[in-house]
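Both complexes below contain subunit A, partnered by subunit B and then by subunit C.
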Partner chain A sequence: MNLPISFQRDRVPGLRGLAGALVGPLIVAALVCLVAWVVYDSFPSMQIIVLLFGINLVMVIGYQLFVGSTGIVSFGHVAFMALGAYAGGISAMSVTEKSIFLPELPGFLANLELPILPAMVFGGLVAAIIALVVAVPLMRLSGAAASIATLGLLVITNNVLNQATALTHAPQSIYGIPEVTTLTWVLVAVFAAVVISAIYKWSPAGLRSRAVRDDEMAAEASGIHMLSARVWPFVLSAFLTGAGGALYAMLLTAFSPQSFYVPQIVVILAMAIIGGINSISGGLVGALLITALNEVMRRIEGGSSLFGLHLSAPTGISAAVLGVALILMLRWRPEGLFGSAELQLGRDDRRKPESWKGQGLVEAPPGPAVKSNK
Partner chain B sequence: MTEELLNVEAIEAGYGDTRVLHGVDLHLSEGEAIAVLGANGAGKSTLMMTIAGIVPSRAGRVSYGGEEITATPAEERVGLGIALVPEGRQIFGSLTIEENLKIGAACLKHRIGATAARKQVDEGIERAFTRFPVLGKRPNDSGSALSGGQQQMLAISRALMSSPKLLLMDEPCMGLSPKLGNEVYDILKALRSEGQSMVIVEESSRRALDFVDRACVLKVGRKVLEAEAAELADDENLLSAYFGIDQAVEQQ
Partner chain C sequence: MTALLQHIIDALSVGSTYALLALGLTLAFSIMNLINFGYGILLVWGAYGLLGLTEAGLPFGVAVILSVVGVTLLTMIIGRVAFRPFIGAPPITLLITSFAVLQIVQYAAIVAWGEKPRIINYPPAFTDVLHIGALRVPLLEIITIGTAAVVVLVYFVILNRTPLGSKVRAAAELPDMTRLVGIRPGTVQMTVFAISGAIAGVVGVLWFAKSGAITPRSDLEPTLKAFIAIVLGGLGNTRGALLGGFALGALEVLMSVTLPESVLGYEPAIVFAIVIAILILRPSGIAGAKVNPA
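Showing the complex of A and B:
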């Protein structure tokens, strides 16, 4: 293989500057979106699935932005999806529909009627603001404690949405959100999320986050403010997830708080884990694989003929297969398909770890190699 | 004497219910080097981390350059000029060599502005690669690909990126072969000759005594001895009485 293209770990992209950082993930995004577009165009019955898949891509990239740069596995990101869906959905709903379905809305929201793009941004902003408020206490925790706290965030958000009937019409479904999400908007959102995520990943702030992920104590000793190295990826990630939630709201038009709970985070988590939790490219491919797997299993559940073979399986088999896929993945390739690699332009010129061995600290003199005692 | 750089007064610190330091004093003038010796569990690393601000002090005072910094968070202390090379090196394994160095200079942007910081980062990386050419050969390799000795070089270079006035070295030879340990000490000697103030923590090594000005001995969280380095180096009985140095080990 002598192509000037390679998969490389978290490292400064070969081409200088922003372009180098963006090109790789954008190529992967373009390929994945091409698959989505072809399927959307050729199979009318698959359109809704492709649109949901695109929204999941946004979710996975948002999720990966936080988990990849901080190393904290979040179980709470669906809370931001829910906040974005309600905030974005309500902001897009027409004033008349609001007066029918949500008569108790506070004045500011009751008079708001946004087109799709501002509604997405609004959904993202609401999620980001809530994230900023909860991040300050939450991100002081590390490891498993932080993960469990994010689960707590999901439970609390779910409860609040369930009780805030004036805003959410819960526990019943909310209705009347305009169905304006199109493939174009979904793809725009995917590319925007990839660009934001890649810029963050290779920015000085992203570098500081990854340093804290590697070693909290050493990062602190190097002069990094630990809290802000975690808070900002959390907020940025909540923004992307919230914007994805708003797209979801404007696609399904009706949903309840139960649409955003543990089963949804399992799917996002599976996509990120299978693809490689530190990699944007990996997240995109993981989402594609899980969606394809899910679709195949769903068809088998419904009983269908595949290549002349009649297949049928008990309901729930798709969830079981997802579980098995996760277990196999964690057993055989725990770092995910891509690990920490991104598609990057330029050859992989890194030295293999072994070739570092046997070298002295200071330049080895010419002649016989310096033999290390280690 | 010259100007005071670091003054630690009756510092107490610990983790949870365990108190590790029971009132330790440490004084360092500008340009001076001091060795902190002591057995395992004496509180040497805790003392370093308290000076660096990573472990909060429960009582006592730390002042630096005449100003009290007892409550100053760790990341701000780096900006003031205190840099710690932690025990066990603790480099960022998934980051590249160059990124590791950049992290060491994270505080500069705050201190001297973005443009000046960028210039100083470039110069700092240049200096590190001149000092350790082996690091400069493959700046894009990840830190975890380096051997133990090279990681120590990277950890020292990372700490030097912020141009610290005070360098804290926590057991710089831990886990290294005696030969590599000697090489690390050569580097430290070179830094000393450039006038770098430093505190070096060692479990029981006379190597440090060769080039520091003073040394103190910690025992279960208390300072039990402080003397001129030359004095201690001459009086082997004194040292071994305090922490039973195995002379055989020392001969290496």
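Showing the complex of A and C:
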């Protein structure tokens, strides 16, 4: 069999190469979405899980866009999800509901009542604007210092959402968001996210970002502006994550700031790292695997029989299993299932890359670690 | 005047808890590049150990010693099984690994102790309040400050006056050279895990005497405080970490005294904003010195 597809890290130059590189992740997305659609259609009890899975796909693509482009592992993306969920959810809420649940809302928000698509964009934009404001200082940092700073962003966001009762009804849950997220909208969001992410990845700006990721000094020496190579993926990624958060809000309809905090990081992190942090296709597949794993664990929590064995476990086992999966993956295949490779349409005419090794986190490029003071 | 003295004692007590937390984390960073996300859960396990042992009828002092020993062993086991394979990897890989370890150890705590908040029966020495003139000093604050002084002293004696300590300091300064002269990196790493774990055990006892109830998810706050303290002091710098802990304690007390009621709720956000500002303005921390384990 000689299919016109290939797995490679770099795309073939030229317009055909670009088209092939854009279609590749879309094919993976189509396959993953097909699985989702079949499950959605055949098991009515699984519908909510499939919708959440689709939203997680959007999150993973958004997360991967930033981490894959910059090499900075963010612990703060849940903050953008929260911002998108509150902004998108409030903008979609009907004016009458708002006057009941959130009477202290400022004027323009109180009179806003958006349909699902503008609400998603609104959620994404709010997250993106906040990201733009914080990115300029944050993105000067590298390595573990940057990761801790993104964690700080999450703590700050959580704290502010908890205190801004007029906007969020916190610390209680917010209610009354219309339940309008459907499978169609989720799938539209997934494909849009893949397209945005793939266009960015193969664009000159994306290439510049990855150049800074791989060798900051050499990239800067060749005239690449380090800060903008990191700020834009951060903002774009926040937009996608925020839009995903808005979808999440319009699916669950009620949530509190605690729905978006440190425990939520592990799912997205595991999906992205297990799939391959530098690959869109990898993120999609990673999300599918982790969701399947989570679903099995959820059944075990509820108590179930598997091959005649009765299994049951206290709530929370899925986080522990994700922890084990993360450690095993980082140990044996730190570059993730897909490494940096991307499914692409069109045959790979060039020499095969020697190996995927060296593209993972463990053997990441030397970059200025925090221990610059040594 | 009394009020000022009161605030200074408060700040010293809070600060010494944070300083100890930072001390336990920072050595692991200077030797192994490990920033341990799972540090807080060690405190939680220590507190649960204390809870179980006191409920089993052991005298409080014995229970404290056993729980500190238990946390030390737990930390060494985690270090051996989960962290050692990753040593030499970039800090971020170790950070993710420790985050994964946290998920596992936290789940173990959920299975073993349940999600419901539990309360340790502390002896009256931990709960009484001393009245000196107009001053109200909880005994716990004195115990905390005293314990911190002893732990820091022991730490510096171990690192500066014992052969094992010399090996650790050597490994922090010149890791390759240390290997060349035949010091096993494994010995050094296990020593570091043991020190880190013992400190976590001690802080666990103090932490939950102050905050009261333990749940398997009580780990986040101490972990964040420890992160803040080591960032303030400069990653991998022991004196900086201690200073960072005290600075954080002073900052918190200062804010609780001076900030108006309406802004007080934003305290964590303000603290973290300051941390990020320091990360950007002075990446090497307020102490700004070189890596220096002791």
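Everything below uses one rule, namely that the second predicted complex is superposed on the first by the 333 of 374 C-alpha atoms of A that agree within 3 Å, B and C clash if a C-alpha of one lies under 4 Å from a C-alpha of the other, contacts with A are read in each partner's own complex, and residues count from 1 in each chain.
Rule of thumb we're sticking to: a contact is a pair of C-beta atoms (placed from the backbone, for glycine too) under 8 Å apart; a residue touches a chain by one contact, two chains touch by 3 or more.
Given the structure is predicted, the values throughout are model-derived calculations rather than measurements.
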{"item": "Partner chain(s) touched by A:Val324 [first = subunit B, second = subunit C, both, neither]", "value": "second"}
{"item": "First (subunit B), second (subunit C), both or neither touched by A:Leu337", "value": "neither"}
{"item": "Partner chain in contact with A:Ser147 - subunit B first, subunit C second, else both or neither", "value": "second"}
{"item": "Chain touching more of subunit A, residue-wise (subunit B, subunit C)", "value": "C"}
{"item": "Partner chain in contact with A:Val121 - subunit B first, subunit C second, else both or neither", "value": "neither"}
{"item": "First (subunit B), second (subunit C), both or neither touched by A:Met46", "value": "neither"}
{"item": "Subunit B versus subunit C as contact partner of A:Ala221, first or second or both or neither", "value": "first"}
{"item": "First (subunit B), second (subunit C), both or neither touched by A:Ala211", "value": "first"}
{"item": "Common interface positions of subunit A, toward subunit B and toward subunit C", "value": "361-362, 364, 372-374"}
{"item": "Footprint of subunit B on subunit A - complex, ascending", "value": "9-12, 204, 207-208, 210-211, 213-215, 217-226, 278, 340, 349-353, 356-357, 359-364, 372-374"}
{"item": "Touching residues (chain side subunit C, partner subunit A) in the complex", "value": "33, 35, 82, 85-86, 89-93, 95-97, 99-104, 106-108, 110-111, 114-115, 217, 220, 224, 227, 231, 234-237, 265-269, 272-273, 275-277, 279-280, 283-284, 289-291"}
{"item": "Complex interface listing, subunit B residues touching subunit A", "value": "52-54, 73-79, 83-84, 86, 90-96, 98-99, 102-104, 106-107, 109, 132-134, 138, 140-142, 144-150, 152-153, 158-159, 162, 176-180, 183-184, 187"}
{"item": "Complex contacts: residues of subunit A adjacent to subunit C", "value": "73, 75, 137-138, 140-141, 143-145, 147-149, 151-153, 155-156, 159-160, 162-163, 262-263, 265-266, 269, 273, 313-317, 319-320, 322-324, 326-327, 330-331, 334, 361-362, 364, 367, 369-374"}
